[in-house]
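Structure first, then comments.
We just call them A, B, C and D in the order they show up, numbering each chain from 1.
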Amino acid sequence: MGNTYGKKFCITTFGESHGKAIGVTIDGCPAGLNINEDFIQRELDRRKPGQSKITTQRKEGDRAEILSGVFEGKSTGTPMAIVIFNEDQKSKDYAHIADKFRPSHADYTYQEKYGVRDYRGGGRSSARETAARVAAGAVAKLFLKQIGVEINAYVSQVGAIVISKSYTELDFSKTEDNIVRCPDEKVANKMIELIDEVRKNQDTIGGVVSCVIKGTPAGLGEPVFDKLHAELGKAMLSINAVKGFEYGSGFKGVSMLGSQHNDLFENKDEKVITRTNHSGGIQGGISNGQDIYFNVAFKPVATIMQDQESIDVHGNATTVSGKGRHDPCVVPRAVPIVEAMAALVIADFYLLNKASKI
Amino acid sequence: MGNTYGKKFCITTFGESHGKAIGVTIDGCPAGLNINEDFIQRELDRRKPGQSKITTQRKEGDRAEILSGVFEGKSTGTPMAIVIFNEDQKSKDYAHIADKFRPSHADYTYQEKYGVRDYRGGGRSSARETAARVAAGAVAKLFLKQIGVEINAYVSQVGAIVISKSYTELDFSKTEDNIVRCPDEKVANKMIELIDEVRKNQDTIGGVVSCVIKGTPAGLGEPVFDKLHAELGKAMLSINAVKGFEYGSGFKGVSMLGSQHNDLFENKDEKVITRTNHSGGIQGGISNGQDIYFNVAFKPVATIMQDQESIDVHGNATTVSGKGRHDPCVVPRAVPIVEAMAALVIADFYLLNKASKI
Amino acid sequence: MGNTYGKKFCITTFGESHGKAIGVTIDGCPAGLNINEDFIQRELDRRKPGQSKITTQRKEGDRAEILSGVFEGKSTGTPMAIVIFNEDQKSKDYAHIADKFRPSHADYTYQEKYGVRDYRGGGRSSARETAARVAAGAVAKLFLKQIGVEINAYVSQVGAIVISKSYTELDFSKTEDNIVRCPDEKVANKMIELIDEVRKNQDTIGGVVSCVIKGTPAGLGEPVFDKLHAELGKAMLSINAVKGFEYGSGFKGVSMLGSQHNDLFENKDEKVITRTNHSGGIQGGISNGQDIYFNVAFKPVATIMQDQESIDVHGNATTVSGKGRHDPCVVPRAVPIVEAMAALVIADFYLLNKASKI
Amino acid sequence: MGNTYGKKFCITTFGESHGKAIGVTIDGCPAGLNINEDFIQRELDRRKPGQSKITTQRKEGDRAEILSGVFEGKSTGTPMAIVIFNEDQKSKDYAHIADKFRPSHADYTYQEKYGVRDYRGGGRSSARETAARVAAGAVAKLFLKQIGVEINAYVSQVGAIVISKSYTELDFSKTEDNIVRCPDEKVANKMIELIDEVRKNQDTIGGVVSCVIKGTPAGLGEPVFDKLHAELGKAMLSINAVKGFEYGSGFKGVSMLGSQHNDLFENKDEKVITRTNHSGGIQGGISNGQDIYFNVAFKPVATIMQDQESIDVHGNATTVSGKGRHDPCVVPRAVPIVEAMAALVIADFYLLNKASKI
């Protein structure tokens, strides 16, 4: 229950932070797709820890191994299982929190829900699980490339430092040029500085990842419940530490008048476009062929290198001490995760839409 | 595809704005629940058009009729079909837009997706569909009352007018005291004034509905994809005109430090509580027993009483004129819809959670 | 839960035997399909009671009314709700069994599962529910006609009277020529005689409905669980009174040798065929383009016009007396139901298969 | 698509016969269950090849490795991934059929559906996939033991040799005493003799596996589509080589009169029982607390050690020669598979039923 996502391009993830392995099964990837394993690995490398001074110093090789569903380099239409064996399992790092509830983690809620709990590194609630999503998302991206869809996410805010430019003014080829993954170099430097300062203070800070999807054909989305943006929202909100989602004009659209907000249709060179795009490429829950764009809000990472008051499993007051190697800010590593989830949503709706008309 | 919501408390809606009827089938409502038809009707009355000067003047009786699943006043565990026959079907009102794409409506995307389209009043994409959700949500509310869960939504923003108080300072019993459904009377009056002004200008304006859920037991939510807030987000984003969702600290949490944001656990009178609640009652995707609260952003209604440039189905430039009776601001009538969707999500997760442990 | 069938061409039925109405919502019917309401009604007429001396004498008009999803005669891609209001509700007929458990009915199990029960005419467990399936199946048939699929069911056994001919020797245009719906007139007469005799003895008798699907393209079925024959089996077993399902060689295939049973492939006029068809048109759970054929076993109807010992809801011994107007043999009216469920399965798999390859 | 089974106790299998591994993810197993790995292995050993002279001589260790979802010996409520690495991968055994369609195998249909195909040992269509089901079924059995449900399958027919005794006359503790898994020793010897003879003739033969489920509480099953027997039927029909399913009186019930077939209720020592059990423990699709029993028909294995005419992927006539190590009769090894699928169905419905009443 709850570990499967998608209706046609359908993934099921498994694995705990400090268990033997994490992984994913992809069921419903169309047959005949060239599966570039190097690309999958490159996507995982973008997410993996230890990339820079502003991410956790944990070392995880994160080698993806495909166990099934691929034959002679092509997807066969059968389930593709991808497994990543856990290497750096310092379970002893976690003995000190075995019977404590870390503030704003999932320790308490997992204990309440399940009665038992793998406390090592957060177990199933660890963001390590997202590596499996990135692997699956890489396969979805390979598929989307074939149909001309391109997805670019980037960091648009860290703490109070916000990129002021619209996405249309940015050059996404520069996103990977700096360690915070913000395509505006000046802003990127300020973000890096802030994260570094926060890290030195043994604290953490939140941020926003923005994402732009280009090339989506009109017609994707399955109203009234499975609207395209509703599924994008769910997919993003299912990522660890996410607190909010908005698309198109988003929360700012609230203050606009209808006469300002409406996107006027125009026939430009035999192609229907809208003059503005407050709709964010989605109208009535269905893509209209314009750019889809949205923002994802991440809270500050809950693990801080400071002592915090809390309680233990017996209800007694206790102190939780920060230990281990953790991210001071999650957004740089969240960029490939947001892209992966976006790719999974678009791939799924693309396949679902094949049956809309006779 | 896409018209069913929920896994255990599961609803399927049907119907077009100007067809014979709209309705809903509820499959999975536990047997033995007292079905108070008056309560269902009262909830529908909160949503129906024509309530006040700041909502549309269309008259729709919206009488709910239960066709099945109830016997001698109790739910039987079999599907409960509720139908609302459409009365005020002025189809001719829509002849002028039969072959035009209204800006920022779903006309174009439905046409692209399906090839055919019921253009009368937006057809399936009309917010009229949400009446079916409210009817189903009323049944979910009846169930939730039995387990001590209470849901209160209210208007917290219209245009730039924002309620400044936290929800903890508000008296929800006052929400229904004014026509904008804002429990802070002073702010409410300003909102009403603004909407009225916008209406006179033949324009529309957006707003925010906030929602608070009290009494949810710890343990609801099915990570890693079906996290409680992820489903709440999807459910809200599936409502017409919604552009964003945030829960707990939301987008503001982005600028906070971990040391500020973390909610410290405390054992208070043998009950686990958190001193602050930036988590919004949900940690790791599972309810922790604290209040759940979230915001839902609505864009300005797309139908304005002004002429707008657009194109027709043949791609020719045309003008769309505003006609008919429409809401200048959707949020007052959206309050019961937000509550209904929240009730459906919580009821579903409550039932799903029954099987979490042996 | 449990009242929805199909993944893409997806139906949800509702309604009790003696409630206000029964009905169905079809979600996922492709847009642009011509919806012939007369055809839907004709299919319902094939199922309705009171057709002949060997079916129940109850009169039910069974007028199908489409509430949504059709515009100007075409499906719009949105949910199609079809409702059949109950007319002949002689609730008083059932007062005598209100607190008794009729032998081999679902009275006891519904009471145990749900705690409450609509005892009138079996409530939800009544075969009346299948009218909703026939209506939905008629829409599926309209779709299948477009892609060249034809479905023919017929009665192949009543009691010990079995049609000895293979389906390939039968003329399906004769199925509707007699009241038992057996295309072999001689056998039909014997069956009618037997049913009539059983009826006079105030008893009931079982039978077998056989079904042949022609024109299915190769490739339908979604292994490993949603094999084409596995879903056909589930669909048939979900019909009231069904006790068994077999396809192709079926239970007889058990006694065959592999060398006899294997169907040899042959290229005949540039078309792949098999010389024999013990596979029943399905190999590895996927259609191979040959005829699909299967048998469905129906038990004798549980309602007999005799006194039977039983217990009441308090556990006390009691007598159940046969009353009302019931079928002495269910199979003649089951023919359109079997066809309807087959049509729903094939339509669903056809749409699902659209996404198998890039 | 199609590789996931169950709604609450939900499994997804993956893997090809000659790929790196096969495996399964179980999502929804209740937390707190003691996971006995030895038991899982013992169940796999009952299914594995090379057990006796009447099964294939292939050697497969079939070591199950649990990658996730278990902590300190207990299920944690998170997905349990179990993987079995393939050892004995003689791919070269299959070079001779790389471009041929073996009669009555899934070669042709997979090629048609997917365009590509892992031809080695049947790839995904190989019965090797059922090892993953047996592993998952073992976990379901561990759960069912806790609630008092016991499942026993056995071989009741091989070719024309049928066990004549009812299951009530058999001693299931003797099922594992002989290599054919028939609890009646005399019949077992005849079956073994027949299989051995068939094997020497380089042929294969079909059979029937019967299954009895004791201790199921009343109330399991989710009508109208997800009836308990309908899901049991689907689950069984999804097993390789299955051609038919019947429960209770089954196909024989067809020839009975209602007055013979009806099971009269009786209150025996404050427990509701039925005097006979033609219903097979299921009425209206819901368990009534009596024994559930059913038969599963298996066709003769398609791989025979004889030359057969066929065609290749280019449509040219060719000859397929029998090679490799295969089962002359599948039913002895199918016994644990039938039990596994039955356990998965019952566990799923048990969990689903927890939400039936308030």
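By our rule, a residue touches a chain if its C-beta (ideal position, glycine included) is under 8 Å from a C-beta of that chain, and two chains touch if they have at least 3 such contacts.
Small disclaimer: the values here were computed from a predicted structure and weren't measured.
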In the chain contact graph, what is the shortest path length, in steps, from chain B to chain C? 1
With respect to inter-chain C-beta contacts, which pair, B-D or A-D, contains the greater number? A-D
If you average the CA atoms of chain C and of chain D, how many Å lie between those two points? 26
Please work out the Cα centroid separation of chain B and chain D, and write it as a whole number of Å. 46
Centre distance in Å when chain A and chain D are each reduced to the mean of their C-alpha atoms: 39
Can you tell me which residues of chain A touch two or more of the remaining chains? 1-4, 7-8, 13, 28, 31-32, 77, 113-115, 124, 352, 355-357
Could you list, by residue number, the parts of chain B that touch chain D in their complex? 7-8, 28, 30-33, 77, 143, 146, 351-352, 354-358
Chain B - residues contacting chain C, complex: 1-4, 8, 10, 12-16, 19-23, 25, 27-28, 31-32, 65-69, 71-72, 74-81, 83, 113-118, 123-124
In the complex, the residues of chain A that touch chain B are 1-5, 7, 13, 101, 103-106, 108-110, 112-115, 124-125, 129, 157, 159-160, 198, 203-208, 218-219, 221-227, 229-231, 233-235, 237-238, 243-251, 253-267, 270, 272, 274, 278-280, 282-289, 295, 297-304, 306, 308-311, 315-317, 352-353, 355-357
